[in-house]
């Protein structure tokens, strides 16, 4: 029986683990956190079906058979390639000898504090999109005062497309998430006024544009093209926003009860320490460098080390699954050869 | 407002500020508008804290106001600044401290430009040599005078006679800070605390017992805008910007404003008067206006200097209500007197803004 | 003949300030001038970025570039590390070099600035010289400014300054040798050229407008009534 | 024949008489009001018409339309029969009734109820030929009316047999009126049957009367059947009183409408005198429902012509405006209307009353720029080509026209190559006549300065407007007409192809301007023209008419798709049209290749 | 009051904290399709009036949405209502109706 170490038990890792274990391989699923399921497990409902994220993760976990072993709360300390095998030492001095490694380390969300002018961690009513999902989960979307918000603004591109914070790339999913969350707020509080501050609305995938249309026609969500320049806090702890309505060519001022920062994806920070151990490297944007961007995007430059999911760049959930299934199939082929 | 979040940011923006041996360069605007402030600065450093501050009569304007009025080319100010540096080099100093924010910004910009374009540095050296025969080194540290006071704020606090506390309520005074735009907006890491939540004045106020109020327009420009104020036809712009700031800070009921820029306190002070005289709107408690201070004046106040030695009589918005709040004694009789009690007459009183 | 864009691109401030603009509007959002003038720095940067010569020339001849207050707040915000304020400065320089500035009402104010600030720098070594800042020209200085103006010597003496005095101190007289050095720097580095250009182009424009130079200055300083 | 009763009055005549007096008074007042509301010009026209020979033409038309319902016969003969039976049959009954009084009791002619209840007041003491004739005629006419009634009742349940998919719903007021109307004739029949033993009768009344008699001798106890006369009278009274408040108002207004229309009266700003008569002439028969694509395809019943007139009658101007601003003004309803109510014109008036643009020098910006353009027009051209705003969105048509014009060797100038000043019809259709006038002035100035002989346009909207509303010193041709002319005169030649082509008549070109033949001739010369059920006057609207400013896009789209479906049942190779709006509408459906006829010609130029 | 020879400049900022949405709400109610404008600018680029003047429906709708209705009053009637924009609009907005509605409300009382 061949064996694989999958590093990262997010949806890509879980999906590949279930595929590979079904093929009869031994799978070690290494997760640095106690909980598995990655970022998706932290989400409330998923676009477009409004399926609960928890159900998606549960399905994945259910699909794992007994050949898949989940090693939660452990990190790779050391890795060495010996005779076409990889010797891994995990935290707690657990040793593994595997035939191949699949990297599914995923992404980190942007630390919103770094965008100082938005006042995350300073102003009472500034939260991130991830925070909002937690509030949705708890059915408790309220301001710091405990009152439902009467006005909410979503700021797109927080930590994305921003050289000042070192992320030039677009995180792909924030636009659609912002529109999703805007609609969800309107569903909760139909009288709440919702504003989306965007630079470009990147509604690139199936159903995305439909939801945008619905956000306009059904929910009357306001879309303002202009990047938030700065936020301030007034005496009532509301957030005062300054942006330009670039379509009107005029500066715009707006006071909201709740400001939601659509934090982007950036390369996983703990990945960097792993790179040298695995013999892989990152591109300038921090995401892992694949062997070929078109034809071999699940391959690393090290034979036997594969990639799947957002460790090679921002992806939507369906894209992540597709990538994980592709990687699993390639790993299987590698093991059988 | 969560102070923890700000502390995180302040940690990231700490600049190197020497605590002695400064080559001091004056500010044109300061000397004209708040003549006593630089006197006080030198007095505090030299006499109060025993620091070595060198000044030469040969330094000139940096040309910054001309540069930002676009009548003086970049290469010219670059060379003027090189000359100032040459004076420092000749005097054997390497800690450059300037009194002006426009200068500070310009020095920062030019040093940065020289870093990016070394050929320009060479060209400047040549120009300076050609014009004056002088040579220069780039200073090791570049501080604004407010950086120096910030650095020494705790030493000042130790010697302070008064605290920025309302003696009637025992509560800290609510202070609005106004940072000159060119202090850190261009180069956040050149200012204490960065561009978004600068700490340079907040540090002083906290050390001296006051409390900073953060209001939405705290970062907004006073509206000087160089040509926008200097040309009378454009002053509506200047006025509008200050007005915007006051409308934003008003709900927070601040007791006073502290600034680190030479011109801003003048505008924040005088535009209150103009708004009162043109629109009838008077800010501050009892329509007395919100007094505006330079950081040197505030340092002098806590150290217990005579308010009229600090030049507080040149403010249009009366400072007496604030002095009363802190409990600083003053003699109303001597406010408008010259040296040795010379009678200078009294200024007229404005019709709308209430004076003492 | 170099294109206007190329001429702009020779200015280091332009090189520092002009990367690829994504038109996000963060600059305009906090721009002090955008709120109180018909001014949009994003649009200016975008027009310049387009390298459309006609549009650039229009800008150089227009009021638009003279609205900026050079507070540089835009620099802090730009996610692409552009500096609209620096681009404006480069454009203002070019507009003056080419004489385009006299085409706009705001641009014509440069002569007044040269004759006040510019004169003070060379004559006194200060950007601003106390005795020349009259209460009449600065009514917003209020009664207190008039009082300090009227009593300037006594007041400066009272406050421990050294107005027009020898040696160090507040508003000391700057020695002639230093003023001479300053003047030489102006000559060597193109400062004088700039001054002369402002004078020459303005005189030409005043003639065109049928105004004496004093009327020309008064009109530009007080605005069209 | 002699009077049965010494008394010429019975209380039961009162309901009828009251109703009659009411309706005559109403009619008189309404007539005065309508005439008063007419502008003086129109009053004069009306007077002139009445006192001219043309009044006979109107009389004939009234007879043909109001009584015989000729147009309804054309649509469906059962429906025609039903309407004629009621209208003409009743008319005959009234005439015959009066004849009887005239002959037998001329001194009673002053009693309005006498001819109506003749059988009650008169009796035949001995059989005469004359009496038998009248008895027979009256019975026959009554039977004729009753047969119509039978059809009417049948139609309520099986309207499809009458060629109608949709019909109108009866509101309470209409229901009362219809019930009254329907009761009049059976009640008369019953009353006369019961009294046939006393007053006499013919095959119908006497026959049925004798059957009744077989059961019971009513002659002895006349008092028992007297109420039937009451009921008859009440039915008549109720009907008269309900006349102005129901769909049957048209019985009163239609003759007046015909007279006014023939007098040449039209209203172009408000619906006051003539417009009111026109609105009240709508019988709500529902014949216009099926042709209206808004109803049949887009399920917007409220926008139908009959509902528009109904809103107006009920003073619901908001709803009327809503209906007017969703109407395509394709005029299919007017085409079908048996009364000839021109609802498109009425709707335009409604828009004019409710919508307006602020028009003070609205388009003064056109002066400077358009002026510059004017100067560059060479004075020597014979033909100016005006593509029209919309044609700029179908550049293939523009290019084709340029190619054709060049091939023809004509001196021409593409006058709106750099962009058009709108002809003004769209803004007129939106309800702003003054704005339209301003645009018309600009264009007129522009065109007339060229001194060209012919103006060719590719847009039927412009064409209709240039032709009918502009005062131009030149011929105005739609490009289909111009191309046909060029072909006929041999200025251009085309290669015939085997392409199967279906032609869609644009509303503005066909039904609204009467240009049907020229485009067909052009297409016949270049391909195999197929006919469809929607040729000529039957043509459909593409759904994208500019008249309907408030019609949602998805409704338009449904209509376009439906029209394309209907036009392409024979799988043509090309769906040709001659209007940029139709072309764009049909192209969007992506079902068949859609071309302007100019394109087809240009492609096949020799 | 003293005349200083200049006046405080008026703010050009679109202030969404001041509720001036009345016109937009009317537009939305009378022509619901106006909610779905994506500000693509197709209308403005094809506009017949736009060839002669700076009439720009995209911007007009946007400013209406933002409550800046005053600036629209003098320009809204420049539209020729020709309907090109309606044919060009990718979202199927009833642009002519929108113009007519705006005109009706903005210039109510001024109609001659």
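Lettered A, B, C, D and E in written order, each chain numbered from 1.
Going forward, contacts are C-beta pairs under 8 Å (C-beta built on N, C-alpha and C of every residue); 3 or more make two chains touch, one makes a residue touch a chain.
Owing to the predicted nature of the structure, the values given are computational and were not obtained by experimental measurement.
Enquirer: Between chain D and chain E, which partner chains are common?
Expert: Expected: no chain.
Enquirer: Which one chain sits nearest the middle, judging by mean Cα positions?
Expert: If one averages C-alpha positions chain by chain, the most central is E.
Enquirer: Which chain pair racks up the highest number of C-beta contacts?
Expert: B-C
Enquirer: Where centres are the averaged C-alpha coordinates, which chain has the largest centre distance to chain D?
Expert: It is B whose centre lies farthest from that of chain D.
Enquirer: Centre to centre, by mean C-alpha position, how many angstrom separate chain A and chain D?
Expert: About 65 Å separates the centre of chain A from that of chain D.
Enquirer: Hey, how far is the Cα centre of chain C from the one of chain D, in Å?
Expert: 75
Enquirer: In angstrom, rounded to a whole number, how far apart do the mean CA points of chain B and chain C lie?
Expert: Distance between chain centres, rounded to whole Å: 22 Å.
Enquirer: Compute the distance, rounded to whole Å, between the mean C-alpha positions of chain C and chain E.
Expert: Chain C and chain E have C-alpha centres separated by 37 Å.
Enquirer: At which residue positions does chain B touch at least two other chains?
Expert: Correct list: 195-196, 219, 232-237, 239-240, 244, 274.
Enquirer: Find every residue in chain E that makes contact with two or more other chains and list them.
Expert: Residues 2, 4-6, 9-13, 32.
Enquirer: Check each residue of chain C and list the ones that touch at least two other chains.
Expert: 30, 34-37, 76, 140, 222-223
Enquirer: Return all touching chain pairs.
Expert: Chain pairs that touch: A-B, A-C, A-E, B-C, B-E, C-E, D-E.
Enquirer: What part of chain E is in contact with chain D in the complex they form?
Expert: Residues of chain E touching chain D: 30-33, 46, 48-49, 51-53, 76-78, 80-84, 86-88, 92-94, 96-97, 100, 103-104, 107, 110-112.
Enquirer: Going by the contact rule at the top, pick out the chain A residues touching chain B in the complex.
Expert: 113, 116-117, 119-124, 230, 232-235, 237, 240
Enquirer: Using the touch definition up top, name the residues of chain C that touch chain E in the complex.
Expert: 34-38, 139-140, 222-223
Enquirer: Which residues, counting only chain E, touch chain A once they are in their complex?
Expert: Residues of chain E touching chain A: 12-17, 28, 32, 35-39, 58-59, 62-63, 65-66, 68.
Enquirer: Write out the stretch or stretches of chain A touching chain C in their complex.
Expert: Answer in residue numbers: 117, 157, 161-164, 199, 225-230, 242-246, 249-252.
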